[in-house]
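Below: one structure, written as structure tokens.
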């Protein structure tokens, strides 16, 4: 599977890509990870769904989407000719649901990979539950592996004691690529009203606040498991992206930063090229895992 | 054990209190949690020991201190007449070391509580290792409980899948009070030199960046375990402190904020009083766990 | 509709009263067509405590000067920082965002606004006038010292005033103003923007009298351009995005 | 020694060259006694990307005007923001921090500085003069366009110059300047502040010639007042805090 450059967009932070056509040519991107797709329609969580936090935000969208049938019939036809890789983020509450979605997406010719989201902290059953226990993570990965014939990426939750163990668990289940990290479970309170800020009380923390944790996890997993890594968590600029690549990421995703600057991805692509030029490095892949630790 | 107000200072962020005498009267504080004390002298980690991160910092001090004998003979005499509670943060690499330190501190008349630090991410053996596995957390707590006769606080690590389970584990071991949270394990990279910023590669993340995670953990543990909670993680002002109390903390600690504003603790104390007045609340303890979740 | 993220130049910062000011912002390139009810997302640089952009309605557009204006109420850090901007300073905007009010070219229209919610109504008045329609305005403020720009609104239509304390115009909420209490209500459509409680009250009143009503919602937003799904409101079509399908909704469609 | 956290008022911002400027800051209350070699911790407000304070040596103290000055080199966000401050702006400082250079009241002294490391030497010169000692200065810069304030230093003692490219003074590092290459070296003590490599070179040279030497270290700091243990340097007494036991150390004590 080829990406024309290592800069892609994170699931849930770029819709299905279409809205960004109003800003720039999507063909500039290495790839687009679209919003989570589940077995059937989900309304998602109640409003309010977000809170601003220091250098970050909490969200609790709760996998709002119209389901895989609608995705295949109505959304896919609009995405399939994007001049970039489109990867579908596959979510569910049961193993059966994950399998069902993966099976359907497998049929779509223009989609060369899925990203199994076993790390969403914002739905009651399923989601993160699969991503914090090694055995269940292996199980769901294995089940999907059986029906999904193309590149299988699995997106890990950072809300665990031992991220390398989780990485190994999904590698054992047959994952081809690891994506890390999803959001950290957090909470915001309005001291004046004495109430939680978001309807679900807790939500997923993203943005630069989590970057140090994400970098650490990428680096740990890079040394523990021999699978390519898609790294993300708080990437705001080219320097951040380069740090993730040095720590071991082959590709990066940009999430929350798209909300702050809709033009951020093209800027990061340019910035990485400048860096490579300035350091006389031939290609972006030469810095993957190149951190100098002595 | 009485605190004259709920604002105390976090271990490792306030030295042994003496440096702050140059700024204000320590008698204003609810309490002081002093720097970690171990069985014998430790030089700590190599320089560089810190990195700035978005709304936070990484540190890797590594429990530098002159050991418990030196603490008892040379430091305690200078602290014992502080007009506030002084709590000693007890650290170690083995259960025997924790026990030894606790035993010695138990003899000090002016110290009414220790805070067992089973959550330091910055030492190779011990430290965090005790704080991420329930059985070992119970074991070390139990061992210390046997020799320590006053108030036993245990400081939990946030680097776990299930914080409530850890809280229960140390409650089972005999803890009287839970402190949460210690730092999150993170990493910083200098893209220009392609090297880690701190000597130990990874370090502990503190500051406002981690506040949403800390708040969430305090709230989870408040509902899971019936022990008083000392809450901390990114508290910068009175509003933050109030949020922790609403989530369930009886007392708060202020850590990293002391580096940004040495006067922050007296300001937080005043700010909490203003808030109570403004909301017609009789006493700070009335807001403990008062979060309105409906 | 093409959208842009650009540095605007502050060309004016006029304080209306203690809590409100108007920022005039000049675009670096000729402004695209902008519709009344649309909004911008402001990047508040230089403020360590504002991470996300802040949404503000477009208060006025002057194509000749190539400027747009925002009417801002000071709420927290973001709006406070914006209030300290000086001519010459830069402000990054993402624009134009959202749908717009419907723009009837005939009929009797009532534009109801409260507090900073009056913001989009000035531009709406201007555009309606250009289409040959003179709407009525019903504007609500806290008290006389917050009443402002009445002369400007009067250029576009007749202005009715309410203040909470009765210090100017009618006393009480806008829904107590005689102009909106008439039965039957002699308007074909009401456009409303203001605090949630006011919009609910106006929507209910309009529904009771069988008059169509549009409101402009102010939900919390992360992106402002439809990709995060944070700003949703339940409608007859399920959860819709206030930043894309809105901010203006026909009240009959809302389940709020 | 009592320490303070106070808002100072910017009374001057003088650009020396592309990368350096001097901020003059007026204290809100009469300044306490300050010693040469001490530093301040600056809170860079309005910069979303500077969370921690930034340490800067005290470049000069004018008790009559109740001001202290900082000589700042633009490195990253923090120093860049400081460079944009205007007279009247506020800047919060924690001060006075750290120990100081030793202050001999007799003897031949050489003050060696490089780049922004020259900062504390101006104040040192002033204080020494007041004690009746006129030191020599050996100042190193990148090139002629970064050489500045030579007249001011000359007031306090004789000035020797080096530039990396030889565009003014001697060519090369300060350790190649004839004044410091003399054997025997006719100084009783050397005081040095500058880039790490320069301080190492000067320390080595001084040790080789049997001359006592003090350096002012610039380790990364979180607090600046001794409580975080982040800034340590290994000495003959173990790891010592650069912000409390330093920043000035007798080089014979350092294990760097």
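By written order: A, B, C and D. Residues from 1 in each chain.
In this text, a residue touches a chain if its C-beta (ideal position, glycine included) is under 8 Å from a C-beta of that chain, and two chains touch if they have at least 3 such contacts.
Everything numeric here is computed off the predicted structure, so don't read it as measured data.
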item	value
Chain located farthest away, centre of chain B as origin (C-alpha)	C
Centroid distance [mean C-alpha coordinates] between chain D and chain B, Å	36
Averaged-CA centre spacing for the pair chain C and chain B, given as whole angstrom	47
Computed distance of Cα centres, chain B from chain A, in Å	33
Centre distance in Å when chain C and chain D are each reduced to the mean of their C-alpha atoms	54
Multi-partner residues of chain C (each touching 2 or more other chains)	48, 51
Junction residues of chain A, two or more chains touched	53-56, 207
Chain contact graph, described as a line, ring, star, complete graph or other shape	ring
Pairs of chains, among all present, that meet the touch criterion	A-B, A-C, B-D, C-D
Touching residues on chain B, where the partner in the complex is chain D	12-15, 19-20, 22-23, 35, 43-44, 47-50, 52-57, 59, 61, 64, 207, 256, 258-263
Complex interface listing, chain D residues touching chain C	45-48, 51
Chain B contact footprint on chain D (complex, rising order)	1-5, 43, 49-53, 94, 219-220, 222-234, 238-239, 244
Interfacial residue positions of chain A with respect to chain B in the complex	51, 53-56, 58, 132-133, 159-162, 184-189, 191, 193-196, 201-202, 205, 207-213, 215-216, 219, 234, 239, 242-243, 246-247, 275, 287, 290-293
